[in-house]
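One structure is given here, and the rest of the page talks about it.
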Amino acid sequence: MSLLSVEDLVVRHGLLQAVRGVSFGIERGETLALVGANGAGKTTLLRAIAGAHQAASGRVVFDGADLSGVPSHERVRKGIALVPEGRRLFVQMTVEENLLLGRAAGRPGDWSVERVLETFPNLKLRRHAKAGHLSGGEQQATAIGRALMSNPDLLLLDEVSLGLSPLVVDRVYASLQGLISSGTTIILVEQDLNRALSVSNKVICMLEGRVALAGDSKNVSRDEVTKAYFGLHRKGAGGVPA
Amino acid sequence: MMNQIVQGILLGGYYALIACGLSFMFSVMRIINLAHGSLAVLSAFALWLLASRFHISPFLGLAIVLPLMAVIGWALQRFLLERSARGGALLPILTTFGLAIVIDNVLFEQFGADTRSLAPFIGSLSYDSWEWPGSIYVGKLAVIIFVTAVVLLGGLQLFLTRTGLGRSIRATSEDPDTAGLVGVDARRANALAAAIAMVTVGLAGAFLGMRATFDPYAGATQLLFAFEAAVIGGAGSLWGTLVGGIVLALAQTLGAKVHPQGFLIGGHVAFLIVLFIRLYTSGLGLRGLLRFSTGKVS
Amino acid sequence: MSAASPVIERGTAASRIAGFGVAIIILLLALAPQFLSAGAVDRMTALFIYVILAAMWNALAGFGGLVSVGQQVFFGLGAYFAIRLANAGLNPFVSLFVSAVIVGAVSWPISLFMLRLRNGEFAIGMWVIAALTHLLVNLDRLIQGETGTSLISLNVYDASTRRLTIYWLALASMTALLAVLFGLLRGSTGAAIRAIRDNEDAAASIGVRVTGTKRLLFVLAAFGIGVAGALWLATAITFQPKTYFSVQWTAYMIFMVLVGGIGTFEGAILGALLFFLIETWFGGTGVWYLIGLGATALVFSLLLPRGLWGTLEERFGWRLLSVGYRVRLPVNASDTTGGTASPAQVTTSREKA
């Protein structure tokens, strides 16, 4: 059984359909990269899985349970954690307080403030600094750490490299590698195609709210993904994978 | 003169007590509860009823009334404020105003127009005083109220910074959507905050009844006091409320010295002056005059 | 995409008929005292004053987004300045309107200050202004504190002349104020007002003069409520600060507008009519009447925040006095992507009134 399966999901922003009938599944331990141009619906899809948007139709099934109507904080309790786009830290609170908030859902597990600080050593000296005073890389590390503190079964990462310098992105991805090899299931939205393909074992390319291409990261050619990205073989592919 | 300043400062403790619930709720939920004063008066009437009908001392009565106020706060948030806040920022003002009218008039219907006081039920405490050096007499009750305010503000501060629930409330006040995404039940945090705020209101109502008189329509005045103290002290932290309360009380004392009718005028004028200064010096615009940082005082 | 383009309309056949209807109603009202008893004339005068109060509070809150619980300050000042002017020798009827002009003038500096406050802070800040003004008026020796005084100079007119004059003045004031408001909403300012009502920040970002427009509404509302206060004084003769500066006036305004339909021109009038009827039937029940008013306002704000008129308008597309434009989207003009948007949604023609 898939850890997460998304079935014919439709999400609207007002009258606009941001996600138009998306289906896919992800197994335990897999890493899925969601790629696609701006406005393809990736962030909306991720936020709908996390419960920040309600689905207009279709369902999200996690660990065998239908999540329809389950609010976001309950989903965290069930094991889904989102690192939102733009970090969204509580800027008036310290790094440590932000991390401790991740525990609000009360899921048991190995993650502690200490372990987050081990994983992201750049935070060690910033433990009692206000989150609003951190650098971009430190903020991103805090946001990921905050999500990890809930000991998630599924980690959703939205554009973690956005606004960071290449060097910092390398560091963030190095720590992600560690998480991936420790068996955490991850869905990540990433603009950088190369990076997305290198860390993931599955890839989905979205176009105008639909799945334009889905496959194993190793088997799909870069050319195919690029074409799907720009909608060049829209007709032939038919959009929806099995 | 010195005597009046001391009395003013002590009275400020009462204003801080009634103001802290108002600004606490505003900080967390961005709602100004116009029924705030009426709820304080409701608490005073509840204590009066317990004391006059069942001979329960107002201090003991708090053990019954404060939990009741917490329940009222929780229900208020769950059934009224949460719902009306979804309709925009203006609707909660109307909802709580309607509630204030209902409470005031129900109290009037039940208890009539007579002014009441809890003073007869607290024995000598209502008039006992200590003599301080310089022949300053300070009422024991006034000191108790002041100390309660300080302890309450300090306790609230500790709760917000040191406990998980407190952090959840602060996170919700900063960004309710993201709070949900990290696993905080924002609805519960808000309801809890409302419950806490109403406990402080209940306490303020008790002291209102002990140190002075009240009638069914006294809520409006208490609301204005709370609002004024909160705005005067507003920006800093919870402690700002205490400063605001003291400034308000001193201004009223000064007003009363200038003119026999000047007590209330002095307070209103001080409020407007502080408002004026803050509006024209901060340049912040005014998104959240009342909003205090719930974080650690740095 | 379909080639059919939306149709933009200004008013409907119904709204044109309504226009004539309004003219006829006003004419009938002007002639009505011929057929009414003295008591009924007084009640109708009260109704006109309620309509003014509701329309003015609605202008401020429904269109300007400024919910004030201190509007009684202008009601009280309208009466107070009239007393002062009449006491200085001005004809009492003239002083009613000069008083309102002064109230409007006083409201301008207040607006400079208060409009920088937002939402609840503005609401309760206005209440502080009202409380302070009440206390200051009490200090006036002429008023003698809460004892109050009377508009004695009105007594030179005999009772029936007085009653009729006040009736017509109230009718004329109501008509004029409603016409000004209607013109304002329909004119170029109206577009700005609707933009602010829908989204203040967005309106500011496209260059709408947010503060200027709000100030205009604030001063208009102050003037109108000042007229209402002065007229009320003329009917009641006696002036007790406590009565005129009572927050109850604002409670009435809020009740009328909430029940009628906040942000709709017709809603405020409907609300005033309903309030008038409720007061006529239940006003004698004293405190229960007030509890009922509060509870009704509470229930409406929770369950029917658009009020009666707003809800009817939304459901049936009604509009009588059209202040806005409406856009009719042709069916199937959108949604080529096969979404699930129902035809009902697509054909909805909503007027932003």
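Residue numbering begins at 1 within each chain, and the chains themselves are lettered A, B and C in the order written.
The rule is simple: a contact is a pair of C-beta atoms (placed from the backbone, for glycine too) under 8 Å apart; a residue touches a chain by one contact, two chains touch by 3 or more.
This is a predicted model, so every value here is computed, not measured.
Of the two interfaces, A-B and B-C, the higher number of touching C-beta pairs belongs to B-C.
Comparing per-chain C-alpha centres with the mean over every protein C-alpha atom, the closest match is chain B. Centres computed as Cα averages put chain A at a distance of 51 Å from chain C. Each chain gets a centre from the mean of its Cα atoms; for chain A and chain B, those two points are 44 Å apart. Averaged C-alpha coordinates put the centre of chain B at 33 Å from the centre of chain C. Shown for chain B are the residues that touch two or more other chains, of which there are none. Taken in their complex, chain B has these residues touching chain A: 164, 167-168, 170-171, 174-175, 177-186, 293-296. For chain A in complex with chain B, the touching residues are 50-52, 71-73, 76-77, 81-82, 84, 88, 90-94, 97, 100-107, 130, 146-147, 150. Residues of chain C that touch chain B in their complex: 61, 65, 67, 69, 113, 116-121, 123-125, 127-128, 131-132, 135-136, 138-139, 145, 247, 251, 254, 258, 287-288, 290-291, 293-298, 301-302, 305.
Touching chain C in their complex are the following residues of chain B: 26, 31-32, 34, 80, 83-84, 87, 89-95, 97-102, 104-106, 108-109, 220-221, 223-224, 227-228, 231, 259, 261, 264-265, 268-269, 271-272, 275-276, 279, 285-287, 289-290.
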